[in-house]
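Common to both upcoming complexes is chain A, partnered first by chain B, then by chain C.
Entry: the complex of A and B
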């Protein structure tokens, strides 16, 4: 292939996430030296953990070339379920939520593959079901978890060697998801589906299974994320997920994962989450009106997708 | 004869490095019907595209009524007086006949943005009457049958070009008779004779040689993108056409015939009375270990549909498929692969290459199940498999992790062959395995096919040309109109001639 070496932003888009995380930390540290204090970093680790789970799980749906618009709503629903039922199941709520999430994801996946409906339509519709679950269980806003029970939930945000336990969970999840992505037939098939579903199907890949798997993994991760929010907030918050779909997709895009599917990595997504969270908490510390938060994330998402875009430069040849 | 209306001098078309049409000289006289024949991919449709303005020629010149001719688009060609009726119908089903006839030309009937439908319908009726068609121009196209649609399409083109150049127009008909019954074909002949009597020039493409002999004045034969013969129709008969069409045969060496294996006794795949409604009927054959079975036939003869059914792309409406004596049914290609059938698809770019994935992934994609270490995929085994095939198939590539889309057509095809071989599937279906690859890569692919049979694979091949089918196969089954019309054994020392086989194709 003959290609002229021309400077193009797209050539550097794969390093975008590294540039931006350094840039963000440098800028905020200059503006506010406390930004990298131990206390602030510990806070940030607690803050990023549930979002890492959500975004890394959602990445798999994006790898297939699909999307889950209801990821945030699923977090709300599962946060509420966890918050309300933790009194009955204690810490057993965590494996239960993994299962609940898998079932909700399975529902999405089966509708997408068996009825052959685009995922954005399916999830646009099913998200209302998740929102309904969250709002009927908590019709009057957040419900705080019983004071007595709080002690048994404290360990999640407690620190081991200065690092919050919840962050270890997030790291473990990233490692497991990375292994799934890289070293399992399902993981590889998910990428193949996103790269060229027709060719993958003809190569004898079980494309339906791969797509359903992506939704199941994403569902489990979203649900675990919901449980983490309940642990973190010590309450059932029915609106917790409202803005999270946007943050998660922005993190994925910032990590350089193609919105068209076929390429990306959970490691990059995790770094993207840290960057996005750093930006929002930096703005918080500077006293910027929180109303601006989603607008800024929206701008970042558009910029990141533009830089990754398959519609210009070499990518037009590739995909 | 009358004046020359249209002329091409040394016209050709090159896509990338692939010359699909070379040095064509054609003269179309006023009142002449030209018949254009040749195998699939001989370049007939390409020439039509160049004349009708769909594509620009890469070389040569064209003249229309003595002046240099250039068309930038179909509409531009229409305005000059040259129109084409395409193989696939191009009418918009939701619009009325009149709206279709004047599609893109509504301006004539509109004032201040309001279209005068009444006047359009009246004019449409005239256009239809010119073709002796008695249908209501206000009817929607989806409510009329296929044959009438075809006639409407011709009426539309005739109207456009008559408006531009009455009596001097060029009308290109690319296989117009495929949807017609015998009576309708007679009607079609009548209309062609009328157009001809009006002084227009006509080019008629058909795979039905009897039609060519019936209606044309001059016959042009194309083969592999070249014009191999031109002669008046009255000097020709069926046998002459067959002979001219197939032309020279390539040598056995080209197809590595020395390595052609004699099929073993064991039947791997057995197809019994298989039918797919609307595509093929009552097809039966046996495929043996080490055999190369070619399914020959023209486009739409049903041979490709048989392959689609065998890889689970479509479900048969009747009949049985037996793998090693056991009946199987596939809902998708995954199940087909699990049962040992995998294809190398025809459309390499859209169906073969998993575009943005690496060469390694593309080679191993059908074999992940056996490249594991415990429950997880083994990087080492994946890499080893990819490296093995890059060496064996002589794939030229920048590295294992490079994207397959960076490879040339021939090398990409070899990657897909490597995938098929690595999969360990017993039956490999090669659908036009050498389409669009250069001659060097073709030879390598033929060598790989021989290797496949040596390893005991059983192969079904749909060749790009009849020559290829005969060269590669140890048995050829010929399809015509969805039925098996003939079958030939092709041992190395006794291959049938192309002439013998082509009879059964048309």
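Entry: the complex of A and C
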């Protein structure tokens, strides 16, 4: 089938993420050559790793056409749990957090699919539960991890061949998630649900299972991200996730993943995260007031979603 | 039970299915109409038992005072929920309105003294930002929870930029007078809130625009076929919601005589809870101003009781979440064809 080409901005939105990351790095390097110094890049790698995990996991929910507004709160809760219980379990806390995250995600997924409530309502409600966990376990703000234990946790931010170990973890997670989304039946069925849930159901896809799977994957990734923040900050921080939901959703949108579901990629999301982090840290290095951060990310989110949105389907109702 | 239900639907012919569905809808409507009233009676009874002077004028005024700001927010949010959309920008907008109005009227941080003009300007900005949100939602075709989430973050960011670290203390005479003044023992803030509610109720029930919002929420395709300008109505709804959120922010600022972004924190979620408790639906078409009023009243009594029981703020939010999920799960249609994303 041949299609007549007519210029439309949204046709080029798939290249948006590549353009923007190049643009951001070029501009900030010109403004401040220190921006791509080894030290600054190493810092950025530590900075992006937990956010990459969070955003790549969240991508799967977005693929189904849903959303998780409580992703950041889940990071707070799991960061607190990791920070407080790492003294008992040592590095074994990482697999434990994967499991905890899967359970939290399962709860979201089951409520959405079995009770048939839209995900933005469900996650708006359940985020209060995650916040409750975080703030009840840490009622007086951050709790630092024991000094003696810190030595055993340092390896995460230590550098191998100049690259922080935590970044290798993030890369490995992206590769695993990419294989999951491209080459497994579960991964493909998650996309099918987002593209057209009724058609997917008629084609024999267990749509409930696919949706729940997306929430479970996202929950595990958020929890791992929370554990990484605990390792990075060497403390349990009950408010760490407050601003992360916005950054994660903006990164996904900037990557070119459709907010309506059905198309996208964790690779794009990862690049989106690097771009967003580069923008905020670049502005920081230039001495821009950090108060501008949320405003800028909010504007990026709206612009990116607009460029990605499918303007052809005029008859689709958007609520 | 659910499976039996859908199996039964499959064995019926189309017209029988229609009858079953209509009967079911009628039953649901009845639940929607009477459940909130029963809840209200129950909550009032609980209040009367657990509190000595529950029916004293002082306590009634107190409950009305606690209702004021949620009631103002509920005016705009009811319209948005009637559409089946959501406005997550309310908290950011309130924070902005409170901070900016504090910046404009007489205060301790700068020499501004715009008085009532400042209040009008802030409310107008609220409506304008709401309209922009509506345009982005309808014309740029961005789902409401995304665009309002982003706009909310932007407004909260601007709020903090207005005062840069030190919250602005308001000294304006009008603000002081309104926050302390009473008529027949009822605080001015409560009276203003009830006036805003009445205006909202008139708009919802006695204007073509209000009827159009009901029609869109019930069936958007049918409303479009009937010649309703969907985009224009939605933009108006978001402008109205922005406007009432700004008024709520200004009232919050009057109450505390302080301008800071946290004026909006935890303000939206209780109101969603209240509207759902009153019989409103998050998927649109159900509810109304009276239902929202009853919902806010139930919520105020519930919050009052929870505080009395010594439940902390974080637990209260969890309870609100559970209430919303249960209420929505009870009223949402459960047949096999329903899709939730």
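The definition used in the following text is that the second predicted complex is superposed on the first by the 307 of 319 C-alpha atoms of A that agree within 3 Å, B and C clash if a C-alpha of one lies under 4 Å from a C-alpha of the other, contacts with A are read in each partner's own complex, and residues count from 1 in each chain.
In the analysis below, a contact is a pair of C-beta atoms (placed from the backbone, for glycine too) under 8 Å apart; a residue touches a chain by one contact, two chains touch by 3 or more.
Only a predicted model underlies this, so the values are computations on that prediction, with no experimental measurement involved.
**Q** Go through the superposed model and pick first if A:233 touches only chain B, second if only chain C, both, or neither.
**A** A:233 sits against neither chain B nor chain C.
**Q** Tell me which partner A:32 touches in the superposition: chain B (first), chain C (second), both or neither.
**A** Touch partners of A:32: none, neither chain B nor chain C.
**Q** Using the touch definition from the top, say if A:292 reaches chain B (first), chain C (second), both or neither.
**A** Touch partner of A:292: chain C, not chain B.
**Q** For A:65, using the defined touch cut-off, is the partner it touches chain B, chain C, both, or neither? Pick first, second, both or neither.
**A** second
**Q** Just checking: does A:200 make contact with chain B only, chain C only, both, or neither of them? Give me first, second, both or neither.
**A** first
**Q** Taking the superposition on A as described, I'd like to know which of chain B and chain C A:152 touches: first, second, both or neither.
**A** Neither chain B nor chain C is touched by A:152.
**Q** Which partner reaches more residues of chain A, chain B or chain C?
**A** When the residues of chain A touched by each partner are counted, C comes out ahead.
**Q** On the A-aligned overlay, A:259 touches which partner chain: chain B = first, chain C = second, or both, or neither?
**A** Once the two structures are laid over each other on A, A:259 reaches chain C alone.
**Q** Once the two structures are superposed, pull the chain A residues common to the chain B and chain C interfaces.
**A** 198, 317-319
**Q** In their shared complex, at which residues does chain C touch chain A?
**A** Residues of chain C touching chain A: 83-86, 88, 136-137, 140-147, 149-154, 156-158, 160-161, 164, 220-221, 269, 272, 282-284, 314-315, 317-318, 320-322, 324-325, 328-329, 332-334, 337-341.
**Q** For a test of understanding, state which residues of chain A touch chain C in their complex under the given definition.
**A** Contacts found on chain A: 64-67, 69, 111-113, 115-122, 124-129, 131-132, 135-136, 194, 197-198, 211, 246, 249-250, 253, 259-261, 289, 291-295, 297-299, 301-302, 305-306, 309, 311, 317-319.
**Q** So in the complex, which bits of chain B are touching chain A?
**A** Spelled out, the residues of chain B in touch with chain A are 311, 313, 332-334, 336-338, 342-343, 345, 350-357, 361, 365-366, 368-369, 372, 375-377, 379, 403, 405-406, 419, 423, 425.
**Q** Applying the document's contact rule, which stretches of chain A touch chain B when the two form their complex?
**A** For chain A paired with chain B, touching residues are 1, 179, 182-185, 188-189, 191-192, 195-196, 198-209, 258, 262-263, 317-319.
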